[in-house]
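Note that the chains take the letters A, B and C in the order they are written out, and that residue 1 is the start of every chain.
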Amino acid sequence: MSKTQAGRFFEDFTLNEEIHHALPRTLTEGDAALYQSLTGSRFALQSSETFARAAGYDRIPLDDILVFNVVFGKSVPDISLNAVANLGYAECDFLAQVYVGETLSARSTVIGLKENSNGETGTVYVRTEGLDHRGVPILSYVRWVMIPKRDPNSPAPDAVVPELGKTVERLTIPRHKINRYWNPTLSGSSHFWEDYSTGEKIDHRDGFTVEESEHMMATRLYQNTSRVHFDAHFTKESRFGQRIVYGGHVISIARALSHNGLGNACILSAINGGSHTAPTFAGDTIYAWTEVLSCQALENRKDIGALRLRTRAVKNRPATDFPEKGKDIVLDLDYTVLIPCRR
Amino acid sequence: MSKTQAGRFFEDFTLNEEIHHALPRTLTEGDAALYQSLTGSRFALQSSETFARAAGYDRIPLDDILVFNVVFGKSVPDISLNAVANLGYAECDFLAQVYVGETLSARSTVIGLKENSNGETGTVYVRTEGLDHRGVPILSYVRWVMIPKRDPNSPAPDAVVPELGKTVERLTIPRHKINRYWNPTLSGSSHFWEDYSTGEKIDHRDGFTVEESEHMMATRLYQNTSRVHFDAHFTKESRFGQRIVYGGHVISIARALSHNGLGNACILSAINGGSHTAPTFAGDTIYAWTEVLSCQALENRKDIGALRLRTRAVKNRPATDFPEKGKDIVLDLDYTVLIPCRR
Amino acid sequence: MSKTQAGRFFEDFTLNEEIHHALPRTLTEGDAALYQSLTGSRFALQSSETFARAAGYDRIPLDDILVFNVVFGKSVPDISLNAVANLGYAECDFLAQVYVGETLSARSTVIGLKENSNGETGTVYVRTEGLDHRGVPILSYVRWVMIPKRDPNSPAPDAVVPELGKTVERLTIPRHKINRYWNPTLSGSSHFWEDYSTGEKIDHRDGFTVEESEHMMATRLYQNTSRVHFDAHFTKESRFGQRIVYGGHVISIARALSHNGLGNACILSAINGGSHTAPTFAGDTIYAWTEVLSCQALENRKDIGALRLRTRAVKNRPATDFPEKGKDIVLDLDYTVLIPCRR
C-alpha cells in the first residue's frame, strides 16, 4: 500500500460513514494577524480587546470565517482532494465562539451519495463538524462535492440525497448583553439592526485584487492540501490552465469587504447556503454587494437582532449595479449575522 | 443615506473639528512577526527579549514605524480616502514606547484648510494622535493631504495654514540608562553616537524589491483602506495605471535598510518632516542613503545621544552616489533617532 | 572606515577564528504561524497543543527547520554575504527542542580554509552553533561556502579541509516516551517506524509553486540579508538574471511536502549532509521524493526509532519516477528523523 495519500474516489465513500480528520490545530495570535493581513478584515470586535470587552466578551473572539476555513481545511484530504467541483454549502451553524489558544479538530459524516448520470462522477454530501479541545462541536455544516469515480464501471450506490434546511433554524446567540457599551464611532458604522430593511441593497464599494502568494498563504494557514490551489505545473494542463483561488478565501474577502456598509455586523451566526458560482484566479479583483433578505428580532433580546443577508462577490467589475447573474459572479452566499440594536 | 463610506471631500472638513477614528486595534506578536517578515526590520532591540532587557526594557518594544502605520491607517477612512496626494508630515512625536498587548486608537483635529487656486482641490492639515487603551497619546503628528472638492463651485473656506515646527522640540527619551549592557556585537553595529558626525553620508547598500502582495499585506495589517493600494481594476484607469505602494510601507523599508550603517539607532524619537516625492510601484527596488544633519547631546544623559538624520529612498538604482534630487527619489524623511553613547 | 557592512572576502577569514553573530531573536507564535503559512508545514506535533501534550511535550515545539533557518540567517552577514555558492552542509545536530519564547543567537568557528586553483575564490568551512538565551547550544552544523578573494594576488593560506562525518553519530533523543498516546488518525499517517524499510522510495506527490513574495517573506523572517534573494535590480546583471530562492526555504518546502508519506516523522534529529544542487527561482514548482537509507533501532527505546532519509526536491516535474540526477534536482538532503513505533 502506498504511504502517500492521493485522496478518495466516489466508490470510497459509504453512507453514514464517520471520518475523523487529521491535524488538530491550535490557533494563535499569529493566525489572527495573518488572517487580517491576508483578508483585510476590519470588524472591531475581532480587532480590539478593549472593544471586545466593552461588548461583553472576555477577550477578542477569532473571526468566524477563519474558524470555518480551518475546519474546512482539515476535511480536504479525506473528502475533496480529488473533487471536480465544490458544489455547495448548507446548514452551517456557528455553535460557539472560538478564541486564541483553542485547538480545533474535525470529523465528517457521509449523509448522501448520488452517482451522476454520466457514470463518471458522483455527488458526496457530508456533514462536517469542527470540535474544540474537549471534542465539543463549535461548528457544523453540510457541503457537497462532485467526486470522480475510480472506475466508471463500478456499480452505483443507492442514491440518497439529504433534505437540507433553507436556513439554520435555531441561531446560537451569545448569552451576554451585547449593546451596552457598543460604540459606533469605534466600530466604524452608525447603522444598527433597526436601520436595515428587507430588500435593501448595499454596495460594499471597495475592490480587492487577489495575488497568488496571498491566496496560497491563506490556504496553507488552513492546512488545506488541495493541489489546484498550489501547483502551477499541475494546473497548467487542467481545465483552467492555472491555479484556482480556494473558495473559502473568497468568502473571507467578501466578508471583509462587507464591513463597509455592515460594520456592526461583527458576529456571523449561520451560513444558510452558498456556492462558488465561478472560479477566482490570481489577478482578479473582487467586489461585493449585499441584499438584506430579512430582519429578524430575537426572542427575549432587545440588545441584538439578526439579519439574513445574501452577499454576492463579483470579479473585475464594481458591484454598483447589484448584479444578480452572470459569469462575473464568483460567490453567492446566504448567511445570518447578529448586529446590535440601538440602545 | 448610504451605509457605505465613500470618504470625505474638501467641503466636509471644518477647522478645529475633532474626528475620532474607528477600529481600535490590539497589537500582538503576530503583528510584530509580520512586520519583520514584510519589511526586513533587523534592529536588535525590537528582535530580542534578552537584548531589550539588557538595554533596560522590561520586554521587546514594538517597532516605532509599525505603531506609526497602525495609527495612520485608522485615520485613512476619515481623512484621506479621496486624497489626490499625501503631501507631507511634520512634528511627528513618539511620546511613549508601545508593547505587544496594547490597544491603539486614534483621533485627528483639523488644524488647517486652504483651497487651491484651481478651485477643484484643497489642502487639509490634520494633527493625528495615537492613543493607548487609557486614551493617553503615544504618538502625535501633523500631515497634510490634497483633497478634491465635491463641487468646484462651492465657496472656499478662509485659508488657514498652520505654522509647523521644523523639528520636534522636546524629544521623548526613555528614563532608564540605555547603554549599560549594550552589546555592539549583538546589535550588529560597532558605531555609537560619538562615531557619527554632521554632514556624514551613509549608503545603506542593500536593495529591496517590492511585490504587490507584500505591500498589500502590510497595508491591510494597518487596516488602511485606501483603494489605490488594493484595487488593480480601479487603478487601471487612474493616473498611474496601477496600484500604488502605501508610503508608510516605503518608510518601513527605508528604516529597515538603514540598519546597515545605523544598527544601533534602535529608537525612533521623532519625524521632523517628510514627503513621498514620487510613487513606488510593485516591482520597484528600493535603496536608501542617509545624511547626518546634526548630532545632539541630551541634557543630563551620558548614556544616549540624538542624531537628526535625513534619509532618502531611491528606486531602481543604488544610492552609492548619494542622490539628492531626481524622479528616482521616492522618500525624503527628516527624523531623529536615539543611539547609545560609548560606555 | 565605512559604517556599512559589505561582507567578508576570503582573506578576511582566519583558521580557528570564532565569530559571534549579531541579532539575537526571540521566537513567537507569530513566527510559527508565518512558517506554516509560507511553507505549508503540516506535522501534527508542531500544529497542535493537544497532540504535543499527548506525545509527552509540555507545549508545541517549534519546527526544526524554522530553528535551523533562524540560526543560519544570523550567520549570513559574517559568513556568506559575498558567497558565490553555498556548497554544502554536514554534521547538523539538533541538540535541544526549541519553543516559543526562546531567544536564539549564533556563533561560528572557522574550521577550514582552502583557496581554489583559479586563485580567485576559496572555500570557507565553518561550524555554526545556535544558542539559547543561556548560551547553551541547541543546534550545531558545518557548512562550507565559496567566497571570492578581495585580491586575486593575495597569498593563499595553508589549506585545511576538515574531516566531516557522513552522519551525526549520537542522535539527540527526547527523554520521554513518545508513542503512548500517538494517534495516527490525528497525525495524518498510519505508518510507524516498523512500516518503513531500507531502500523504500516514497513520492510525496504534491507540488508547490514558489512566489517571489513568499520566499522573500520567509527569508526576511530569518533576518537573512543575502542580497541575491531580495534585490531584483542587482540580480538582473548577475549570473541568473533574477533573484534566487534561499536554499533553506527549499528545505522547508521539501520537508513540508514529505508529510504526505512521512506524516509521523515529526522530529528532525540530524542533517547528515546536503547540498543545493541547482538554484530555485520564483515560478518554479517544487516536488519531492524520499529514499529510506536505513532504519535504525534506538538503544533502550521501544517507543521510537530513527529513519535515515534522503530527500530530493525537483522542480517543474513530478517526482513519480524518483529522479536521482539531472538539472531538475534542486536539493539533495540526507537527514535523520525520529518516528514512533507501533504500541
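Note that in this section a residue touches a chain if its C-beta (ideal position, glycine included) is under 8 Å from a C-beta of that chain, and two chains touch if they have at least 3 such contacts.
Please read all numbers here as calculations on a predicted model, not as lab measurements.
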Residue-number overlap at the chain A/chain B interface, same or different (half cut): different
For chain A placed onto chain C, the superposition rotation in degrees, Cα atoms, nearest 5: 120
Whole-Å gap separating chain A and chain B, where each centre is the average of the chain's CA atoms: 36
For chain C, residues contacting two or more additional chains: 28-31, 33-34, 211-213
Residue ranges of chain B touching chain C (in the complex, touch as defined): 28-34, 36-40, 42, 44, 47-51, 60, 185-189, 191, 195, 202-209, 211-214, 260-263, 283, 285, 316-318
Chain C partner contacts - residues on chain A that touch it in the complex: 3-6, 20, 22-26, 28-31, 33-34, 77, 101, 103, 105, 133, 211-213, 216-218, 220-221, 223, 225, 227, 230-234, 243
